[in-house]
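Chains: A, B and C, in written order; residue numbering restarts at 1 for each.
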Amino acid sequence: MTIALVVAAAIVAIIVGWLLRQTLNTKPWIEQQHPIENVRAESAWSLPPVKVGLGVFLAVATSLFALFISAYFMRRMGADWNTLADPMVLWWNTALLCLGSIYFQRARTAAQRGQIDGVKVGLLAGGAFTFAFLAGQLWAWQQLNASGFYLATNPASDFFYLLTALHGLHLLGGLWVWGRTTAKVWRGFEVADVRLSVELCTVYWHFLLVVWLILFGLLLST
Amino acid sequence: MAVAIVLVLLVVGSILFHFLSPWYFTPIASNWGMIDDTVTITFWVTGFVFVAINFFMAYAVVRYRYQKGRRAVYEPENKKLEWWLTGFTTLGVVAMLAPGLFVWAKFVEVPKEASVIEAIGQQWHWSFRFPGKDGVLGTVDTKYVSVENPFGINTDDPNGQDDVLIASNEVHLPIDKPVKVLLRSTDVLHNFTVPQFRVKMDLVPGMVPYIWFTPTRTGKFEILCEELCGIAHFAMRGSVVVEEQTAFHTWLSSHPTFAQSSSRGAGDAVAGDPLYATCAACHGPQGEGNLALNAPKLSGLQDSYMQRQLKYFKQGARGTHDEDVFGKMMAPMAATLVDEVAIENVVAYIKTLPDKPAPATVNGDAAHGKKIYATCGVCHGPKGQGRWSTNAPRHAGMSDWYMVTQLKNFKQGIRGAHPQDMYGPQMGFMADLLVDDQAINDVVAYINTL
Amino acid sequence: MAYVAHDESDYVPPAEVEEVELYHPKTFIGKYIWSQDAKVIAIQYSITAIAVGLVALVLSGIMRLQLGYPNTFSFITPGTYLQFVTMHGMIMVIYLLTALFLGGFGNYLIPLMVGARDMVFPYVNMVSYWVYLFAVLLLMASFFVPGGPTGSGWTLYPPQAILEGTPGASWGIILMLVSLAFFIVGFTMGGLNYVVTVLQARTRGMTMMRLPLTVWGIFMATILALLAFPALFVSCIMMTLDSLLGTSFFMPAIVSMGQQLDYGGGSPILFQHLFWFFGHPEVYIVALPAFGMVSDLISVHARKNIFGYRMMVWAILAIGALSLVVWAHHMYVSGMNPYFGFFFAITTLVIAIPTAIKVYNWVLTLWRGNIHLTVPMLFAIGFVFTFINGGLTGLFLGNVTVDLPLSDTMFVVAHFHMVMAVAPIMVVFGAIYHWYPKITGRMLNDTLGKFHFWATFLGSYAIYYPMHYLGFLGVPRRYYAMGNTDFLPESAHSLNAGITIVALIVGAIQVVFLYNLVWSYFKGKPSGGNPWGATTLEWQTPDTPPKHGNFGPTLPVVYRWAYDYSVPGVDEDFIPQNQPPGEKTRGLEET
């Protein structure tokens, strides 16, 4: 549970840190602040709500993965833990997801510069690599299955299936938003209309890449 | 106004209740008087806060209740007062915490001279294991648990051979000797609690937690399971008898070691044949039972159950209650079996008899009985086949009229209430579920359909 | 920051919080069923939560019947008793209190109090409710499946939760786990809304430190819930896999009913860690909104600013942060490494300090106030009294040594009902009496309200205070029957019977409250927009009840904190938050 604790502490620290910048020490009953002073100026946050929403959601997802990883470490102390031979295809998958993330980043840059073609290429390639990653993950499952590791064979394989499935589901959720955005681009929307969606997707993909790298490291190390 | 008076009355009433009501800790019977002291300290600290804040609040409500024209005082904060209160609270917390941690350190560290025993919990009864002459408990694993080896002892471990097995809800402990109890479960979570000892700890399958205490008072104390463990959780009781050293040793030596209990044979049916002649007079040559003579069917019954009941009749744990008319007839018959070997032999013979279902004689609403039986089936098996792990006998295809009598006996405390009847009290609890005779007939009618 | 002279203060620059485009439905169904208006969603949440709470109340009555009069009622068997215990606990904690405080009060009050038109993601907010409703229906369905609902206690501890020997170990537990997972998904949708709305949709001038404590409480509780509920989600998934697919996350080698099972190596303690990593913050998820709301009730009805506002905010933050590191105080006797006891006893007792500060500040708010003993105020006082009692008994259980004799006894039951059932419910009632006029435009009946208060307050104290002493005697919790034991005096059984009688009466009297809710909706005294003379924004709306969009054509601008009551030199005893400096307060009589 130490890991969950550290992650929770980090998230709480971020929240408290932000709140401290909210002049938590002011005496609000003293009318020193003039009415024209407003929320935005004071909080210095001019992010659109969706972005903050995504940030909060990522905090929830971080908590979820951290708890799974905590459980992983606690369960690993059991005597019946057998090390799993991770399929080699995972290395390829990691490369694919990295490429996916890179192309999303390119889409984002293009969106900021207003280049619709760049956005199209970035989104298409990013999505394609992500699908390839998911297909690769399924293949990895097949390989494990073929070598006799089923869902309930051993705690190591239990966790392998569980963690990869969870990560994959998060990616699928992302792909849904990706699909809507890509469809918009194709239906001829302006760059300005999709810029925010592209940015959100990119942040989300980077997050899931980091999560995957941590999970992959974890699966490799045991 | 009324609310202020009520607040004061509630505070005063709570304090009076605390001091005057007859309900408080049971008299302590272990070395953990220190725990009671920490409770007392906590009571004083929290009691002070309880009285002070509530009286202050009651006063404020009276003194500053609404009056037309009066204005509240505008006072956003008072840093000094707030810091004082914080400091004061911290002090109170330290006053409670420090002794608590000190005692906990003692609880965690088991004294070196403590003897080690093991308490085993399973749905829904207790058993115990003493280390035997070598002073070391043999290794165990849930994987080894079976009908032949209910304790799950590793047969390859020489340390386990002389372990003394107490296959009973009752354990004896010597007075004034610290004891470390290893807590082992083979199925679900349980909890070992003796209210008079104050300490408790869960039994967790897959690991072995412990507690330690020194019994300081002789007597019999109830063991309660205090971690929810299924339907019969509330009936999972046991007892600790604290006694002098010599009595304890006598008791301990009356129990078999693992080696003895596993070397004992299954009984000799041939030797049992002549012994059964006495039984056959009432129970019938085929063990089929005889309603006219109030003798139930025996064939098909588990041997462990028959052995236990014969011992009870012999010891007087059954068939001694004044109202147990037919039990009193059985008791002298059981007495003719001279020793445990004789009991095993006769039981072995009964096992060879053909098992034909007893005829149904009881009328009842089987559909209603089926609902009731949901509870029974958990121990006795959904098909009424009986289960060794819960010490529950088979009752499908057995004499229905006998079950009616026995359920009534359990309900009225005629059977099962004897202190030496280990699993009888559990059945007593369960028989209490049957609110009237109709319910008894219904459930037996359902058993007839199994 | 540009300085602007006071005489320019009537100039209102264009709002920098963007106007949201609200979806205004035309049909009845769109307006009241598939509604995206946070206020309608709030009422949907509240009605569902109260309805399911009534089921749980009836279950508790049945449990009390068994405890008070064992072996009298043939329909209460050990199995059904445990099922009722489980469903009562889970419904009350999750499906009633969490949903009502955050989904109900949170949805209604956050946008109004921060000066927003609606939640920032209205569509997600609507989906949140429907997912919640689905979770409730799944849970209720477990009453009708083979074997009935799970009877493993609200803590759902494995291995027993998924083994034969516990009622509902096949269907019931799976429905429970799936329902919880849905609840968490639904809650996360709502929770994102609450947090982002507080962060991003505050109206101009509404700094964090000008927020009413109600919003602070709900805000912090939501953050806690967002971080803690994943722990329950994780344990639900892993237990479902253990049960359905035979994995061994939580399951060690087991002999169940004489059969060796195909499990091995898992750790039941792991589940307990995960469960309580959620379970303890859950206490504060319920408590923090209650703390916040009661602060506002006391302040409004004592006509005095809340004492030590900054300290109150800091205490909410401190409690929120600390509540993540105290979970294992539920596990002192669970068989975990006993050395953890030292750490968790210290953190647990440290959390008592900010909590105590909150109590002092409530009482000090009453001090030198001008206290109107209205029904909301009565409930607030009732809360403070109950909470002091329940909080203090928490110090018994949090201190590892003192916990030893009391853990798993009726003392625990009495403690958490005092602190987590009666105290928050007092606030719920107080809050409903307080905000009902805003929601419906009519006052609740005062006489019925007072009767309801006295019966509930005195009755629940009479139920739970003596119950602690059953715990001292050693009566365990979750026992279907005590039977004849030599350590319990006969009088303990009479005490149990007495508690049952009071409990049934108190339960029945809640009908008065329901009647009052319905009756006053049609026949209650019209309340006007601000019947209590309160400063916060929800009382300053142009319409009562507020229309979709809350604030008419322009959003209010906030000029002051939420507690300007009885400010010296001002005629009226309150100044609304949106009143510019130098303007006269709109008096009560004018509204």
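Note that in this section a contact is a pair of C-beta atoms (placed from the backbone, for glycine too) under 8 Å apart; a residue touches a chain by one contact, two chains touch by 3 or more.
Predicted model, so just to flag it, every value in this text is computed and none were measured.
Ranked by C-beta contact pairs, the top interface belongs to chains B-C. Nearest to the global CA centroid, when each chain is reduced to the mean of its CA atoms, is chain C.
If each chain is reduced to the centroid of its CA atoms, subunit A and subunit C end up 31 Å from each other. Inter-chain centre distance (subunit B to subunit C, centres taken as mean C-alpha positions): 37 Å. Subunit A and subunit B have Cα centroids separated by 51 Å. The set of subunit B residues that touch two or more partner chains comprises 76-77.
Multi-chain contact residues of subunit C (touching two or more other chains) are listed as 265-267, 305, 309-310, 563.
Of all residues in subunit A, those that touch two or more other chains are 27, 29.
The residues of subunit B lying in touch with subunit C in their complex are 1, 3, 6-7, 10, 14, 17, 21-26, 32, 34-36, 38-39, 42, 45-46, 49-50, 53-54, 56-57, 60-61, 64-67, 70-78, 81-82, 85-86, 89-90, 93, 96-97, 99-101, 103-105, 107-108, 122-123, 141-143, 145-147, 152, 183, 186-189, 191, 193, 195-196, 198-207, 209, 220-222, 224-235, 237, 372, 374-375, 378, 381, 387-390, 425, 428-430, 432-435, 439. Against subunit C, the residues of subunit A that register as touching in their complex are 1, 4-5, 8-9, 11-12, 15-16, 19, 22-29, 31, 33-43, 45, 47, 49-50, 52-53, 56-57, 59-60, 63-64, 67-68, 71, 74-75, 78-81, 151-152, 155, 158, 162.
Put simply, subunit C touches subunit B in their complex at residues 70-74, 77-79, 82, 151-153, 157, 159-160, 163-167, 252-258, 260, 265-269, 302-305, 307-311, 333-335, 338-339, 341-342, 345-346, 349-350, 352-353, 356-357, 359-361, 363-364, 366-373, 378, 381, 384-385, 388-389, 392-393, 395-396, 399-402, 404-405, 407-409, 458, 461, 465-466, 469-470, 472-474, 476-483, 485-487, 489, 491-492, 495, 563, 565-568, 573. Across the complex, subunit A is touched by residues 1-4, 9, 11-13, 16-17, 120-121, 188, 191-192, 195-197, 199-210, 223, 226-228, 230-231, 233-234, 237-238, 241, 245-249, 264-267, 270, 273-274, 277, 305, 309-310, 313-314, 317, 320-321, 324-325, 557-561, 563-564, 580-581 of subunit C.
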